[in-house]
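Each chain gets a letter, A, B, C and D, in the order it is written, and its residues are counted from 1.
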Amino acid sequence: MAEMFREHVQTFIDEQVVGREQELDAPDEIPHAIYDAFRAKNLANWWIPRAYGGHGLSLEESVDVVIDLAYADAGLAFAFFLPILSSTPIQLYGTESQRRTYLTEMARSGTFGATMASERVAGSELIRLGTVAEKVDGGFRLNGEKFFSTNAALADYFIVYGAMSGDSARFAAFVVPGNSEGVEILRRWPTVGVRAAGTYEIALRGCSADPPLPGNGLRILEVGLNASRTLMAASAVGIGRRIRDVCLDYARGKEVKGKQLLENDVFGAKIGQMQAELETMASLCRVAARDFDEVMRRPDAPEAFLHIGSLKSVLVAKMMCGQLGGRIAGVGAEALGGLGYTEESVLGKLVRDMRYVAIVEAGEDVLRDLLYVRHTLPAFLGGRR
Amino acid sequence: MAEMFREHVQTFIDEQVVGREQELDAPDEIPHAIYDAFRAKNLANWWIPRAYGGHGLSLEESVDVVIDLAYADAGLAFAFFLPILSSTPIQLYGTESQRRTYLTEMARSGTFGATMASERVAGSELIRLGTVAEKVDGGFRLNGEKFFSTNAALADYFIVYGAMSGDSARFAAFVVPGNSEGVEILRRWPTVGVRAAGTYEIALRGCSADPPLPGNGLRILEVGLNASRTLMAASAVGIGRRIRDVCLDYARGKEVKGKQLLENDVFGAKIGQMQAELETMASLCRVAARDFDEVMRRPDAPEAFLHIGSLKSVLVAKMMCGQLGGRIAGVGAEALGGLGYTEESVLGKLVRDMRYVAIVEAGEDVLRDLLYVRHTLPAFLGGRR
Amino acid sequence: MAEMFREHVQTFIDEQVVGREQELDAPDEIPHAIYDAFRAKNLANWWIPRAYGGHGLSLEESVDVVIDLAYADAGLAFAFFLPILSSTPIQLYGTESQRRTYLTEMARSGTFGATMASERVAGSELIRLGTVAEKVDGGFRLNGEKFFSTNAALADYFIVYGAMSGDSARFAAFVVPGNSEGVEILRRWPTVGVRAAGTYEIALRGCSADPPLPGNGLRILEVGLNASRTLMAASAVGIGRRIRDVCLDYARGKEVKGKQLLENDVFGAKIGQMQAELETMASLCRVAARDFDEVMRRPDAPEAFLHIGSLKSVLVAKMMCGQLGGRIAGVGAEALGGLGYTEESVLGKLVRDMRYVAIVEAGEDVLRDLLYVRHTLPAFLGGRR
Amino acid sequence: MAEMFREHVQTFIDEQVVGREQELDAPDEIPHAIYDAFRAKNLANWWIPRAYGGHGLSLEESVDVVIDLAYADAGLAFAFFLPILSSTPIQLYGTESQRRTYLTEMARSGTFGATMASERVAGSELIRLGTVAEKVDGGFRLNGEKFFSTNAALADYFIVYGAMSGDSARFAAFVVPGNSEGVEILRRWPTVGVRAAGTYEIALRGCSADPPLPGNGLRILEVGLNASRTLMAASAVGIGRRIRDVCLDYARGKEVKGKQLLENDVFGAKIGQMQAELETMASLCRVAARDFDEVMRRPDAPEAFLHIGSLKSVLVAKMMCGQLGGRIAGVGAEALGGLGYTEESVLGKLVRDMRYVAIVEAGEDVLRDLLYVRHTLPAFLGGRR
């Protein structure tokens, strides 16, 4: 099943993506035609459970899908997997009606959900969120500005994270229909890479929302991030493998010291190191995904996850893939000599694409801090290793 | 089962090892009493299959055992897991009589097997082995010098790797009983770390051997190395966790900038990074061990393994644990300030112990080369990723 | 004198460059107006000796000029210092008439000299040059293709490196007037960074040249590279300081854990490390420049330099500035969080600009090899340290 | 002059040190005979000004002396240069009588001065010093415990740093004669490396002292540290060069892939990188030393230095030499394969010796902090680069 799905994705890639990297890197328009093809082929949102008409791939299976997509184009990969950050809260904490409405539609026609968490001053520190939810007749009203939201311009619904009016320390997650009044797209960000995805700045001006998902909003966000951070880490594997292959391709045609660069020992050592790092990254993604899937299979998954928050293995996968991916990009960037410093090679794009892994959904300073404070310290103080 | 076994090991550690690190670091005598206690408690050679009276722990389960042992003392861990490098060839390629003789005894009384592969000029490049096996009446006769062999002075049997007389490109693995004439221990090496293990230089002067194990000797060695390299990598996890905990312990009692060092953000970042690396290392060991166990469970394990040789995931685990372990040691070495530069702290020992992981059973140059030549290049040239 | 010159450059920067980074990063046109302003202010080619009407700044003084220029825009810095790679061979090995013609004009009106060394298959390995010089009546005729030549479209003259027809192991340096027939600009390269400089692919179709500069061509190239590599290394200092200041500026306005990011210890550690690296880089540039200046002051400078070839300190400066610059860029790239991943910040450009230092005029593999083979090995074998 | 002095030192090394590394690494006795030889040859304390009968070498010249000494044995180098940390305060802030007494004797008979700054809880944070100076009739009385003091057991005098009784925020530097009552050597530290030097734990039980040197004690300490940190950084160059040469020596006799390891490209790349780092380290030491010498030559050196405190270039040299030295040690540690993990090779000692550079007289966390807070931040906030 998952294997067959991967093959369909590969066919889509071969038909729609390969050879169009330059175009997908252009800062102008989102490649709507490719998005539509992906949806038309019934590939979008592959993780939606079968109960809602989806393919029901596990996160572990999704890791491979994302590696393949990102090998072809990281921007597409990002745009296509990120809705999992919005669907997971609905799947776990939504009402049956919300699930029916949104998940079914995601599976049926490949609609997008978009997440609105970070703000200008509240990126990693979400306790500083300025978006406020006011209770009004028949629901809630949201006001605030959201600095970054990927897929927002295309989304069928948003998950908006904000503070409860009057209690700036109580955070909640609101489901907002995509066509709600008061949701204003201020602009699309010109991003350094992953340009086939659209990321937007947004204003929420009194848009209405249902009652929030039950549970601490910031914890709900962390639960969703477990899924998307794992897949973001997986996208680093795809980009990294592509970088490796671009190097190998070049080395096949290049001669150094009287033989193919491919047979040069210094080059081999460089690629051998890359290979070890790529394998490491893939293993970390699989371990994290398996941890996630395991909790998801528990009957008490929603409560269990609220209790767990950020999975340790997910933090590790995201952080190490950011770091190792950065190293691979750094080495790759120099491996083609002067040619790699021109836009004739796809390397420049790959290097810029890779950078997003170490930035989006928390940088290494934040992840290290979380690991230490949430996992290392409590274990140490509790006498465990 | 494995859990219970781990508990017994932990009891052994608590009773016999904890607090004796300094003593175990002394370059003099091997700590025979501790060895004997380990054997007396029926803990030795825990991976020997139940069919031969052993505990039959899988390599994946062994990973945890080794982490625990190495946390306490890496030298003991090394001495205790290394016989797997000798027993695996017998288990896979020995005659039923050899299995009965050696494996049963290993399980019953905790005897050691020792491996004699590397020579002065043939460490990583075993195709340069100078040990030669001559066919004589009723078997073979071996001559050569072996530079390093751990546990050799204690061993019940040796696996000796050498070239066939007259055909220096045909290598074979010979089983030699421990009390054979002509096996001469030249000296015990004063090693930089893992000093609770004994490593010896050996001369083989016409000692007799049975016919060799069937199959290419160097491949047989690689098969055994899959097991011991994985456990060596695991020992880096144990040493690394110990380093982390030594740092945390120190930081609990140290004040910097008006608060516990434990609460200093720069310190937290350092340990958070360590934690991510430790988790990565443990995951890589588990992945490698699972790959090994999977092949071992196949009915055609012996042939399959001769065909596979070095498992990719094992090379990756060994190499990355060597590198990340080295980083952890480097950071740990400075974390206690001046105190960490005195023998009053166990840190100096831990840092020296850690170094063995990146050296023994192949350093990173060799592993990178293997990864590139055996795995990356063929996949690339074959059109796979 | 040098101080005053630096002030003039700073005025030029303030008036012409500051605030136009985005524009200077555009891949389209070279910013001719800025080039003209630089020349009009009599700033171009500041190193031309006073004897030829120039400012006569030493290489050590030039280091500071380039740091300042690169702080503002690395592309401009590159375009403006690179003519030193062409003027140095003329200054040292040209006829007095060539010196009068070219150096005087460079000083007077700020003309460019461009270097044509690397070819598609002969980048680092110039012994593989395919450009051939044929002796004809009244001089030489050159044929070949040159992969990269910066400033070529603007140049008053070129230094072309090629093999002597009939002796592919004899290389020479030819001075070719800029308006020569047979020099065809094939295209401008779309480069990843330093976009205010123009780099071109060139065909030489039988263009005529004077007799070559006396001496081994590849050695003459190395002599010139001593100057330009040092200044390229210096440009990394400028870019790096800019990255540091962009980080500090951001940190002034960002709050983390209840205080300015500027006062966060983890941030401070990151910038403290950057500072140490920036100081190191600047010191290495100065040391290299001083070595160069010292040889240049010798009465036998031309012969001395042909004998020395690549100065050790220059190789070190170029290589370490490439590596440390890359680290600074890597850290900087993540320091602004999500904002740093948008084109709204100049960071993306700075990171791309920095990469050229580690690629152009030899990457680290080549430089390490040179250091080892030319300096370490001979010293070791000769019994020196 | 300096050249001749270096030659004498080299003769001393050849006669007294070479070949005795193992012995000098023994944790037992200080090698008094070698110390005596050094003094007998009139080599000790080579930086004492000629006005006091010394050789008057500048710090820049001293850098080379220390590199040579540390190449032979880092412990001796450390023991021999560290008195500069005690003599510098006397030279700059002592009374003429103190100078006559101590400096003249240091020059004449090679006596030691020892510094007592760090305490168990006040290593990097000297504002937490617990040693207290009480004013009594005819001078001061000191009480406290000093955790580390090198050369203390041999010293002719001590510089003791402590707080003024009744004002724990006022620190001063006291000169205490070596034979004072109340100075008790508690023990010699068993150190991880630099074992030819003796470092001691000390108790001060009411020992008497003259009035303190004029000026803030902690600043006076920083002034002295400028000299000793520079030389400590220089010792890393010596150790590093030795490591490189041990690797090269080994590689001469080792064959890999059919040729000398010396000609293996991967090995060459490793050593080429080392070489670049070693050159960098040496340059940083020279730059720092020159900065120091320049201030020392000023007529207002004492005040100027109290105002400057820690020189930026010294912090950079110390920190980068610690880091790069650590990298060189890490690479060297693996370069001899298994042999490098035995005490038969001097590598283990060199690796342990190197570690002291990154620990003693402040680790990288402290140095980074100083750089950021003292240099980067003020420059940034003041609008300078």
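Everything that follows uses one rule, which is that contacts are C-beta pairs under 8 Å (C-beta built on N, C-alpha and C of every residue); 3 or more make two chains touch, one makes a residue touch a chain.
Being a predicted model, the structure only gives us computed values, none of them experimental.
A.B. asks: What chains, if any, are shared contacts of chain A and chain D?
C.D. replies: Neighbours common to chain A and chain D are B, C.
A.B. asks: Can you check which chain pair, B-D or B-C, has more C-beta pairs in contact?
C.D. replies: B-D
A.B. asks: Centre to centre, by mean C-alpha position, how many angstrom separate chain B and chain D?
C.D. replies: 40
A.B. asks: Using CA atom averages as chain centres, what separation in Å is found between chain B and chain C?
C.D. replies: 51
A.B. asks: Can you list the chain A residues in contact with two or more other chains?
C.D. replies: 257, 265-266, 269, 365, in rising order.
A.B. asks: Building nodes from the protein chains and edges from chain pairs that touch, which of line, ring, star, complete or other describes the result?
C.D. replies: Shape of the chain contacts: complete, all pairs touching.
A.B. asks: Quick one: in the complex, what on chain C touches chain A?
C.D. replies: Those residues of chain C that touch chain A are 27, 118, 121, 123-125, 128, 147-148, 189-193, 254-257, 266, 326, 330, 333-334, 337-338, 340-344, 348, 351-352, 355-356, 358-360, 363-365.
A.B. asks: Taking the complex as given, what residues does chain D use to touch chain A?
C.D. replies: Per the stated touch rule, the residues are 257, 264-266, 269.
A.B. asks: Which bits of chain C are touching chain D when the two form their complex?
C.D. replies: Per the touch definition, chain C meets chain D at residues 71, 241, 244-245, 248, 262, 265, 268-269, 271-273, 275-277, 279-280, 283-284, 286-287, 312-313, 315-316, 319-320, 365, 367-373, 375-377, 380, 385.
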